[in-house]
Each structure stands twice: as structure tokens, then as C-alpha cells.
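Every chain is named by a letter (A, B, C, D and E) in the order it is written, and numbering of its residues begins at 1.
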Amino acid sequence: MQRIGVFVCHCGSNIAATVDVKKVVEVIRSEPGVVHAEDYQYMCSEAGQERIAIAVKEHKLTGIVVCSCSPRMHETTFRKAAERAGLNPYMVEIANIREHCSWIHKDINEGTEKAVILARAAVAKVNLNTPLYPGESRVTKRALVIGGGIAGIQTALDIADAGYEVDIVEKTPSIGGIMSQLDKTFPTLDCSACILTPKMVDAAAHEKIKLYTYSEVEKVSGFVGDFTVDIRKKARYVDADKCTGCGLCQEKCPSKKTPSEFNRGLGNRSAIYTPFAQAIPNVPVIDTDACIKFKTGKCGLCQKVCAAGAIDYTQKDEIVTEKYGAIVVATGFDTIKLDNYDEYAYNQSKDVITSLELERVMNAAGPTHGHLERLSDGKAPKEIVFIQCVGSRCSDDRGKPYCSKICCMYTAKHAMLIRDKYPDVNVTVFYIDVRTPGKNFDEFYRRAVEQYGVNYVKGQVGKVIPQPNGKLLVQGSDLLDNKQILKEADMVVLATAIEPNKDVRKIATMLTASIDTNNFLTEAHAKLRPVESPTAGIFLSGVCQGPKDIPETVSQAGAAAIKVVGLLAKDKLMTNPCTAHADELLCNGCSTCANVCPYGAISYEDKQVNDHGIRETRRIAVVNNALCQGCGACTVACPSGAMDLQGFSNRQILAEVDAICR
Amino acid sequence: MQELITRAKELLENGTVARVLGWKIGDLPYNPEPAFFETAESLDKFVYNGFCGANLSKYMIEASKLEGKTLVCLKPCDTYSFNQLLTEHRVDRDKAYIIGVGCKGKLDVEKIKKTGIKGIVSISGAEADSACDTLEIDTLYGKKSCAYGDAMLERCHVCKGKEHKIYDELIGESRDTADKERFAEVEMIEAMSPEEKFAFFQKELSKCIRCNACRNVCPACSCRKCVFDSNKFDSAQKANVDSFEEKMFHIIRAFHVAGRCTDCGECSRVCPQGIPLHLFNRKFIKDIDELYGDYTAGAEAGSLAPLTDFKMDDAEPSIVNERG
Amino acid sequence: MCTEHKNENHECTCHTGYTLDTLIPKVGIITDIREETPDVKTFRVNAPEGGKLFEHLPGQCAMICVPGVSEGMFSITSSPTNKEYQEFSIKRCGMLTDHLHTLQVGDPITVRGPYGNNFPVDTVLKGKDLVFVAGGIGLAPLRSVINYVIDNRADYGKVDIVYGSRSADDLVQLKEIRELWMKTEGVNVHLTIDREQEGWTGNVGFVPTYLKELGESGQIEFGVNTISLVCGPPIMIKFVLAALKDMGVSKDKIYTTLELRMKCGVGKCGRCNIGSKYVCKDGPVFRCDEVDELPNEY
Amino acid sequence: MSVNNEFKPKIVAFCCNWCSYAGADLAGSSRLAYPADVKIIRVPCSCRVNPMFILRAFEKGADGVIICGCHPGDCHYSTGNYYARRRMTLLFSMLDYIGVEKGRARVEWVSAAEGVKFADTMNSFVSKIKDLGENVRLGDIRCKN
Amino acid sequence: MLKIAKKDLASLFALIKESGELYLPVKVAEQTNFAAYEDGAEFDLDTLKSVKSPKDVFFPQSETLYTCKNEGKTIKITPEELVDQPFVVFGMKACDVGGIEVLDRVFLSDPVDSFYAARRAHGTIVALACHEPEESCFCKVFGIDAAEPVADVATWMIGDELYWKALTEKGEALTEKVSSLLTDADEQVVENEKTAIRAIIEKLPYSDLSLEGWNGDAVAEKFDSKLWNELYKPCLACGTCTFVCPTCQCYDIKDYNTGSSVQRYRCWDSCMYSDFTMMAHGNNRTSQMQRFRQRFMHKLVYFPANNDGTYSCVGCGRCVDKCPASLNIVKVIKAFGEKGE
């Protein structure tokens, strides 16, 4: 039986509004083991934590129960408070009477009764708590960044600048990501390549950063501070050391028919290619499906023309195993497939393009060398219509329920650039709401409307019908004037919704990082810990965590970097003390627990044992506290209850069950 | 049986084994007891007949700790249990010299008594090498006879086959005794309505006297200290209040041996109140076969028990509601 | 109540003879707690309305039960001559004792007893010289006898107390030893501790060896009229008995107690029997020659 | 136990710390109401729930027990909920086999982002238990008084 | 001597039930055990021995001693009500009656166990002579005459009539209550039945078992024998033999937390269980050999030593029938008999 202090928090009115806090204190006072009970406005405040310290000294408490918000929020706060008061931090239990009680039960009697029961369960558990001492595990002072877009690059640069080695793993042949495909960027209309390429060069040149391009993460094991990652370096069939990047092979390559992924499929590329001119590393890759040498065995022209002799058809995929202390996911995004949106005739007419395709059309290095022309017949368009929220803010499951956040700004940018370069072109934008909340964002949008005369129509487009004369009939509605609009356009640009990279779910499973139904990685806490995954040692950078524009991505990349640096700066990490422990007098040595342990943390040894006078050597399970993460699978697999989990022991959970069913 | 005795004496004398684990003649015709024989002449009292139903593999846990090898006579169904104990490192293979003894189905004296036969003085027809189709029973109240099949243990009617799964030597021939569908009883209960099912198990389990014979005889239930005896789960209850504790004990025991139970039927054989305990374990065996693919515990040593394994597309727990 | 055997005041005549069953405990209140040593506390227990829960004889035990945890047998360390309260010295060494050590003054406690026989103070020991040999918490059972002897000092001869423990702060009842026992005439106390400890001026050494020195140096004579009472950890008892044997003390002149082995306390639950003797009914106090007759299963 | 003749069930919910407990928090912060009869016990993972806990809850008077965990594949400990799924399937099959009403014990996978699903699950489960009525078949008569 | 036809037994039982509870052998799920009689329950007087002995009626497998409730700062203890209504146990065989007498020596000796005493005081035992003793019976060895049970009432089932003879005033009082259904009967018929039963008992295989060498003062000689080391090996340490035995008296005291209060109850315990003697000082019987020896030494040596020669076994043969490893007291007695120790 412990000497327990119970502290019930008002949480301002969050709890006190629907739970009679005074009554909870009064009822819990008579619970066995409770020697002190009080309530306070804000337990998590400095003053609140101070009250704990006073009570511990005054009543010589050995256990603390705090009835407040979710332990996922303030468990560490109250554990530190207990530690400062001289108690072992694991003698603290939290009864969640806010999220699980006051916020969801309006009737004050019901709320109070439930709060008492939850408090009683916490007291029953603390009665059986034992002091726990976190172990230590060493930290590999290296980081891994998955994804080479602006998010990955910026994170890697910031980590490397802090002096730690970073590896970037990029699936495509070059780093740069989606940003490298953009023409200009809002709100400053900088040329995207101009601000991105220097960072790419820095990343390549930085002695602390190693690039694994055209590579994928294959397998991840271990845990925070001690990850072991297998990286598959796909065969480029070009020797990176010998290649000088002269580009002769790309010119001479006879197979030029493959659609260029970089140009969103609009232009073509050769079988041996670098995605774009400023590619880093500037080492081409042979696409085996398009290469005549691989398909028919003939050709081999690129090998002949290569002065450096860098072409090597016999190259094989290579698996590299590396050790890391932290992993940052920066897998970026892509536009959604528009197959469900045939009302916009995206698949019927070549002149209906997505905004990202428009970026390539307006880009000098793009398929139309920067001239704004219709992709069907190459003529200069006179009427351009932009349709917003294509696939975003969708109530049915055709598209995405969320707002993709960046479309309003880049459509304003496109409209402004077109009006500026081709003043005679009319630009109409059909929108539901224009959302330009950032710094200088709304002023940018205002300039597009007032200075460049972009015609913004509040309304949705019902249908886009390709006309026999090659034009596109846009049927839309104008909600402000409350009338239907029929407009003939030469070109229609769809502001398409964005979704996380399609490989992110496979990576999340490998990292055991939690992921939500829209495939965005779940952050540890939406407001307080946006750049960390709940899984320790995994950090989130860029759109993989949620839709965001480049300025936010870069700031989040920096935040993720400093979190990684904070982790790598430690020599030792405190490991979770709630690990499994085998009672050597009860253990049968039957290996059932080792079969279910996901971390291989259980090994066996023959030990001399004195079981109440019987001395013999027995095969005993031994848990490696550094590897064990405390999931508890082994405690249920063990029939005799020899294996128990510290912090969530069988008797503690049974005590909670008893207290609840009383 | 004589061949078995001479072979045992030979192995004992030439030192291959230090002791023989078999059965000793009882003082009544139907109660031979498992026994260790260390000397050749003590083997004269060795017996192997229709009443030697005990599964000796559990004794091998302690015997593995003794000096020298132990000769153990295992029936076909016992060898599954030995394999299972081997998988769980509880017995030592090189401390055991296994003789696979033939089996023509084992007898249950309770069944003979249930037919009204009392005051049994002698029984013939149960010898290992006899035809084993009728039993001639001489009693204080006159000569009686009883068909071998009617006196056979329930587990022999659903015998898993006479092939020994692990042995060093085979002695004696077997006879197939399976004449009932293994899951017939389980399916019959599953077909009942919830009220009938509850009434059936309430009636059966209310007889339980908490003697732990089923647990202590079961080769799969071989913990050093059972969870019901320790305070690990605060569940060391021994009350017989005929309400919940018996259900908790038997469900949890069946759960702990799920995927490890070889259906050797010992629990039903030893229950003093004749509770059909095999119905619990066989239910789990049927579920595991249906949901996760056929699995016979102890078929070969080292197989991964179903509850320590998984597949990505396992059925959801709600299948129990849909299955009707 | 029972229909047939009713008498006028509604008492069922067929089982009037039984007081409240001996297995039902009484509720007492803890009125004082003294921290003897880091792991031993002495609890003073009174009936709720004051006074003692029940009368007892020196050496008898009582079963302290905590609902929901378990119950344990502890010797009553206060002397029967003390009229206001009873005391128990409890060492922290398990689930139940852990729990008892967290109780406060004023907390309720349930006690049943008294159980077992007692040191024969009014018969064999009367008029004899007494030698008490105790080790660690073993002093608790003997303390009730010592205080009884001190309260009826005239009925007994010379009293020697040899008491030792692991270290100085493991000596139980040190205050009482110094203020009461050492000051009573005819009672001399010989304290010892196992290992050297600074600030300790008394003897250093194990109890059996110290007893032997005292015996051989004549400070304690083991005459025909001397009875020894021994209590402590089993190995200490073994060596003390050997030492006493060397000094010519016959087994029937030595008493010991086989406490710590009881459950029901009324000789029925079948746990505490050694051979045909039930420790809780025929003991826990035994003469050493009786102990030798028992089969060695204790 | 029934209070002013309307049956108030006692329901124990075992929620895994990484997904369903976070889902419950999200349901809370989104103010999605569900009956107060549900009391949540936090466990590291759904694979920590031992059949003894479930039977103990029923023994002491619970009318319904629900085990929530991460969606298979999302488990923070990678394989925990796979084992939990097999264990619970077998346990529920045994409970149905001895005649306990179907649906009195249930497993539900709720991710950290599915606050709505958590609230809906709890509402549907409580109404299901109210239909089934008080737990008589798995209770211990000594706990009833 | 009175008698009643077998077909009228149901009305006899109904009549007895009016004045108090009636326990008799009832067949439930094909097993015969003593249970409270409800009208229409399928009573079974043919099966010779119930699985669990009727000691359960007087010394139940588990009974609550008292309930504690925390009330504010004090604990409120409410002892369980002692049995105070008369009841009748019908159909007890001579060996079980002997068993109750053995228990009387334990529970009624000072300090009296009032729970047991109350039940004994209010219980009337109607014994039934064994019609066809079985091969595992050896009550004769312990001086019990199966043909002539000595209880409050002795009955014999002869043909399809039950012969009834009251032996004590409790028996007389019960006979008084049911006299309306009983008619006078011929003593001689019962005498012939007795001689027939005794003749069968002579022919039982265990009847010539000799207890020579087993008595109160054989403690040292039997305790140190090496035979125990061979005999105990097949024992599974389960509690079957102790829980079916009519004379086993050992019990454990445990708590049950019902949530609102704590019930302290007493339940049967078995000396064969591995932690039976686990107490504060540790466990003084750690090996199964010690526990096996303790069980038979208590029945045949320690109990006689404390109870002027009465053995704590009545030869009912239930342990012979029910032991999973076919070990029992007869094999132990025979083993020591052959070795001549």
C-alpha cells in the first residue's frame, strides 16, 4: 500500500465545467492508500507542479495520481515534477478525465461519477507501481533522410551544418523533387531552378552529406539511436565515378520515344537520360524498358561514344546496409490521378492540362521551350480558363477531403505571369474560395486581380466539352451574379489536388510510423510536436506530413533538422524502462515468448536457480532491455505469467479492471 | 508384451538405459500404475495391456534431469506430446530411448462400470496381443462380458492414427480404432442455441471439484508454477462456488494449451467427475484448423504454434459473430 | 434462529457452548507505532473502546489479517501483565508485512487469537534461574516472557539475557533494554553484534560464540536450576543448542519456539504438523528434547 | 446494475497507447459524445491484453469488454495486433461456444486519426450491450450483491 | 423395524423436505453426487459410492467465514450466519458415516469449529447399507460393518422395499415425522440381507488387508523408510485423492474481493499440492516424496497417535477408483506389508 496524493485539475473550465471537481476530491479521499487529495486550477502550470512538490514533502507521499488531460499530453510534465519533488518519475499515474470524460459527457453527474471511477482506477494502479529506472542506449551519430526534394535537401543541409553525417536516399536519378519541375515560385516569382539548384549543389558538395540517388530504402530494423537500414542502389548501368556528364550518350541514343517523367509525360526523353539539365548527380541512367540494347541485345551506341568508358551494361542492384540514429521522412507529394474526373475532359483533350503540366509548358527547359502554346495544335491560346479545387475539398471519395492549400497561390501566379507575358490573353479563374493567407500572399493575389485584370469568377465548372473546332466549351456557374456561364476557351488548366508520394505507406510500415487514412504521416501532436512521428527517432519534413507550400516546407525542414540534431547531440539515450522481465523461478524456458517478440529482445541461458530450496540449472528467458520496447506480446504468450511488463504489470492492469467494475 | 519385457531387460542389462518407464501390474485387474524399473527382476512386474492409458511423455520432463537414459514406452498418441515437449525444450531427446508400443485402443473402467458390471475380480481379453474385441469379466456377482469397443476411451474412438511420430524402436502391432468423426461432439454443441450451450457447460462444470488432475496430467500444461497457484495474476483461487471460477479455470487452461494441445484425451480420462474436458481443447483445434489452416500439434518437433504466428490476412475477430 | 431448540431469550440451545468462532477476528486500532530498526516496527494495538483485544499468556501468538491481502501469525511481544494494550514487533519481509508497514496510527487492524501454548512461566520456570538467548527479531517472543518475569521478579531467580543482531541499529527494543531491563536488579543483559561497527562499545561476535564465552568465563552458570529459552533464526538456534550441549546443559532444560509456521492456529487445517505434533496447538513453544523426537521435517 | 430502472451497463475498453487511445483523445478534443459507461484502460499495445483481463472484467461485473488497437499493418510494434487478432478470435469463439451472447466482447481497429470512428464504435457498442442486457452468464454471484 | 416401498420414496423425501433441507445422492450429468433434493430430481440409490463424499454436507468444499467492509476509518466484520435449520442427509453409506465420525474428532475437539458443529448439531443422518459392495471397498479392514451402518437411522434396500430402523433420538424424531408413510416390517428379512452382504464383503479382494505395523507409535520407523522413494514417483501432485476422500480435513483460508467488500472463505486444500505448506518461513515439504509420505503417515500413523488409535481412513475405496496414476493407500499398505517393515 502506498501513500498516495491525488491532484484533480480544473483545466480552467475544460474539466470543471462538466465534472464536479470538489466532489471527486472528497470521494477519492477515502480510497485505500490515499493520504492527500486536492484540486487546482491548472495542474500543468508551474504553480500546479509546485503544489505536488509541497504535498510530497508534507505528507511523505510515495505515489502521485493526477486527474487531468491525456497522459499523451502531460505525462512527462508530471513525471518531471515528481522527479523534482524527489519521487521516482514512474510512481505517477494520470487519470484522463478531460478527453475521456469532461469533454464528451455533458451531464455533470455522469461526468463526475466517471471521473471518480477513472481516478479510482489510477489510484489502484499506483498502489502497485514500483520505481523504474530508464536504461541507456548509445546513439549512432548519423541521420538518414528519405526523399531528395527541397524538404529532404534542406533538412540534410541543416543537419550537416551542425556537423553530423547525413545520407539522402532519392528514388529518382536526381535530387530536386517536384520543386525542380516548377517554373517560378510565389510570392516572389523567383525562378524555381535558380533558388533550388544552389541548394542541390551545396548538398552534393557538402562533405557530411552522402547522396544515394536512384535508390530505395528496402528494410529498416532497430529503434531510436540504433537504426539499421538496408538501401537498394538500383543499377544505373553508368559508372558514376568515370562519367563526366558530357551528355554525348543522351544525344546519340536512338531510342527517343519514352515520355519524360520530369516533364509530366509531355515531352520525350532518350533511353539513357538525366531527368533535367541541372540534375545532381549529373550521371545518366539507362531505362532498361526503353533501351534497345537491353530489349534486343543490339545497339550499344552509348557505350561506343562514351569517351570515359562509363557505360557498363552488367551493373547489378546493390544493397548497402547503414547504421543511423535518426530517420527523417521527406517523401514529398504528387498530383492525384484524374481518372475519376472525366467531366473536365482531361483524358479526351490535350489542351486540358494540370497546373504542374502548365509549369513545364511555361518553363524554358520544358517541352515547348517556354512558349505558351496549345499542346494539341501548338497555336497560342487567347482564352485560358483555370478551374480550382479539382479533387480537393471533395465530400465523396472520388477525390480528397482536404484543401491542398497551395493551388490558389500558384494559380494566381500562373494568371499573373500569363497576363504579364501575353497581355492579350484573357484569363478566367473559377474558384470556390481563394485562400491566400500567407505573408504578402493576399497582396500578391490582389495584384493579379487589379493590376493584371485576371477575371475571377466565384463558381464551379460543371463540364468541359471539347468542340469540333478544337476549342473547349466550359460550362460553369457564377454564384455572385447567380447565372450560368458558357465560355469557349483555348486551354483549360486544372488546379489538381496533391497527395503524399505513393510509396509512403510502404515506408511508414517499415518505420512503424503511424499514418492516417489520407496517407499523410501522423505527427506526434498536431500543435505541439508537428515534425516528430510518435515513433521515437522518426521525424517528418515537408508534404509527407500534410499539404504545405515551399516556405512552410523549408521552415519545417529546418525544425526537423534541429530535432534530429537535438537527438544526435546526446551520447546516450534514456531507454523506455517499461520493458518486459522474466521471473526466473517461474520461467519454463519454452521459447514461446521469443517466437512472438518483434524485436528479438529475448534470449535464453542456463542459470543456476534456488527455487525455495530446490537447486538446479534451468533454461531461463532473459530480456535485453535495450531492445525491448515494452509491447507486451510476450506477457500474454507466457502461460505461467513468468514474463511480466514493468509499468503495465498483470496485477496493475487487473487492479484497474477491479476498480472500474466495482 | 513379453517381447517388450525381454527387450527392456536386454537394454537395461547392456547399460543402454539406466531405467525403464512403463507400467506395473496393479492389485486390481484394471489399475496398472506408471512405474520406473531400475532392475531386471523388477521388470517381471511390468505389464502392458488395454488399461495402460496413461501418457508417459510428461514424466519424461523430470526423467530428463536424471543420470543416464530412460527407456520410455510411448503409444502413438503419446509421441505427439513428446514432440511438443521437445519443441518447448522441456525434455531432452538424448536422455530418452523411445520404444513405440503398439496400441489397439485403451479401456476406461468407468465405462465398464457404467454398464452395471460390479465387483470385478478378473478381466481377460485386454492383453496387448489378444484380439481385443470382447472382454470376459469375472465378478463377485457372476460372469459378465462387454464389447471392447464399448469400454474404449472416447479419445480412441477418434484416434489420430497409429503412426508413431518419434521413436527409436517399434514393438507390438496396432489396430485402427477410429470409428467416430473427431469433431462430431463439438459440432453438435456449436449447433445448440446459446441458452442450451450455457446450460450444458453450466451443468458439466458445476461438477468440477477443483482437484487440478486435468492440469497436472496434461503434457502441454507443464508450467513450473501454474498461474492459478501463484499471485502473478492475483488469481490463486481454490473456491468451489459453482459460479465463475470453474469457467475461468477451464477456459484459460484451454487457451494456454491452444495450438499446443495434441488432443491426447488425458484430461477427460483422469477427471474424477467425468467432465468431457476434451470438448474445450478440441474446439480450439477445430477453430485453428478452420481459421488458420490445418495444424497438428506435435506432428513434428519444432513447428511454430499457431498462436505464436500470424498472417496478414487472418480473419477478423468479428467472424465469430458472422459465422452463426 | 434455530426453531426447535429455542430457549426463552431466543438463544439456540444446541450450540450455546461456542463463543464466537475462533476463526473470526476482532477489530483493533493501532494506537502507537515505534520504528525499532530500519525494517522492524512495533505496533501497539487496542480494542476500539480501549483496553486489550483479548487476554494472552507469554509466548502465545495472534493472527493479524488484512482483508484483501492475506493473514500472518505474529508473536504477541507485550507481556500479559500489561493491562492497557498488546504489542507486535513486525519485520518487513513479504507482501503482508510490506502492507502492515505502511499503516498509520489510528488505522484499524483485525486480529484473532491467542493461539498456541506458552512458555511455562507459572509451572516449570517458577523459581528457576533463566537464560534468554535471542537473535534479531527472535527477541519478540521472548520479550513477553522477560517483561512477565520482571513484573513478577520475586518468583524467579537470576536472569541473564544474551541478545545479538546483525548490527547496532538492528537491535530491537534497545530503549526498553537500557531503561528497564538493565536497571532491574538480578537481570544482566549481554548485547552483541555480528560485525565491528564504530560507536559500538559492546561485544562483537555471533550469539552462539558469545554465549559460549559467557558460559565458560562463568558470567552465566548453567546449574541444574537454570532453564534456557532460545529464539532466533534456525541456524542460530542450531549453533546455540550445540554450544549449550558443550556446556553440559541437557536438552530438557532448553525451550524454543517454532513460530512462523501457522495458518488456522487451531490445529485443524493440517499445515503446521511436524510428525503427529501440531505446531500451532502443541507448540509453538517446545522443549528441545521434544523437538528431537519430531521427524526432521521442519 | 440498473439505476432508476434504465439498465446502465459497465463497459471496459482496453485501448492501445499509440492508436486507439490517441483516437479516443481525438474524439475527446473533437467533443464527440459517447456514453459515460465506457471506461478506458491504457495498454501499450492490443497484444498486451490477456484473456485473463477480459474474463476478470466479466467476473467482477462488467457487461461488455471492447479491445481497440491499431489497424493491422499500422501497429507501432509492427506485429502486436496480428497476435492480438488471433488470440481474440479464439477467445470470442470459445465464449460463443459456452453460450455467452455474441457481441458481448468485441475488437475494433481505430487509428490515431479516427476520432469519429472511435466515438461511433463506442456508441454502437453501448447500444449493443444495452440490447443484450446485464451480463449474467459470465459474472460471479459473489460480486453481484 | 419399519419399511416403505421403493416407489413411495419420492413422497417420503417430499415429506422430509417439508421440515428442512434434504441432501441425498442425485445423478447430474451421469455422475452421482450428494445434492439438495428438489422435487422431481433424479435421485440414485443404486450407485454404491458418490464421486465426492457427503462430507461436503457438513464440511463444504468452500464456505464463507466472514465478510469485511471498510467503513470510513474502521473495518466492519460480519461473521457468516451459522446453520440453524435442521436438515437430513439420506443415503449415506457406512464408510461415509465413519468418515463423519473421524471429522468429528477433528472439528469438535477443543477449540470447537462452530461452523462444523452447527451443521452437525442440526443434521440427521440416514444411512443406507451397501447392497452390492465393489472390489475397491475395504471398510471391513477399519472395523466398519457395511451391513449394519451406525447413524441416526439405518436403512436397507432389499428387493423393492426400504427397511427403516431409527437408532438415536434424532432418528426417532425424524421417524416420528414420517411415520405416516412407514409400515411395520419383519426383522428377519433384514438379518438375512446383513448376512448376505457380509458374505460378499468377505470375498472382496482387499478384505484381508492387514494394518499390522501401522499405529500411533510407528512414526520413526515408517518415516525414514526408503520405500517412500519408490512409491511416490508416478504421483501427479493433483488433489483428486484428497478431495474425494471422506476423512480429509485440511483446508485453506483465502480472501475474495467482491469489489464492495472482502469475503474471507475457507476451502478444501490438498496436502499433495506443491505449495500447501508454503508459509512465512518458506516450505518445509518441497519434494513430492515428502508430501506423498505425509498424506499416508497422517492417515495411518499421526492421526492414530493423536486420536487413541483411530485411523483416519474408512476404506471407502474412492481414492482407489479415482487416482489418475492408480496409486492409493492399499498399494502403500501392501508395499510396506511385503517388505516386512
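Rule of thumb we're sticking to: a residue touches a chain if its C-beta (ideal position, glycine included) is under 8 Å from a C-beta of that chain, and two chains touch if they have at least 3 such contacts.
This one's a predicted model, so the numbers in the text were calculated from it and none came from an experiment.
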item: Joint neighbours of chain D and chain A, given as chain labels; value: B, E
item: Shortest walk length in steps over touching chains, chain A through to chain B; value: 1
item: Remotest chain, chain E as reference, centres from CA atoms; value: A
item: Most central chain, judged by mean C-alpha position against the global CA mean; value: D
item: Farthest chain relative to chain C (centres taken as mean CA coordinates); value: A
item: Interchain centroid distance [CA atoms averaged], chain B/chain D, Å; value: 37
item: CA centroid of chain C to CA centroid of chain D, Å; value: 52
item: Approximate Å spacing (C-alpha centroids) for the pair chain D, chain E; value: 46
item: Per-residue overlap in chain C, given as positions that touch at least 2 other chains; value: none
item: Where chain B touches two or more other chains at once, by residue number; value: 225, 227, 231, 233, 241, 307-308
item: Residues of chain E whose C-beta touches two or more other chains; value: 70, 252, 256-257, 259-260, 269
item: Complex contacts: residues of chain A adjacent to chain B; value: 583, 585-592, 595-596, 611, 616, 619, 637, 639-642, 644, 650-651, 654
item: Touch list for chain E against partner chain D, complex; value: 256, 258-260, 263
item: Residue ranges of chain A in contact with chain E within the complex; value: 30, 32, 612-614, 658, 661-662
item: Chain B partner contacts - residues on chain E that touch it in the complex; value: 28-31, 33, 48, 51-52, 61-62, 132-136, 200, 203-206, 230, 233-234, 236-240, 242-244, 252, 254, 256, 265, 267-270, 273-275, 320, 322, 324-327, 330-331, 334
item: Residues of chain E defined as touching chain A within the complex; value: 70, 72, 257, 259-260, 278, 282-283, 286-287
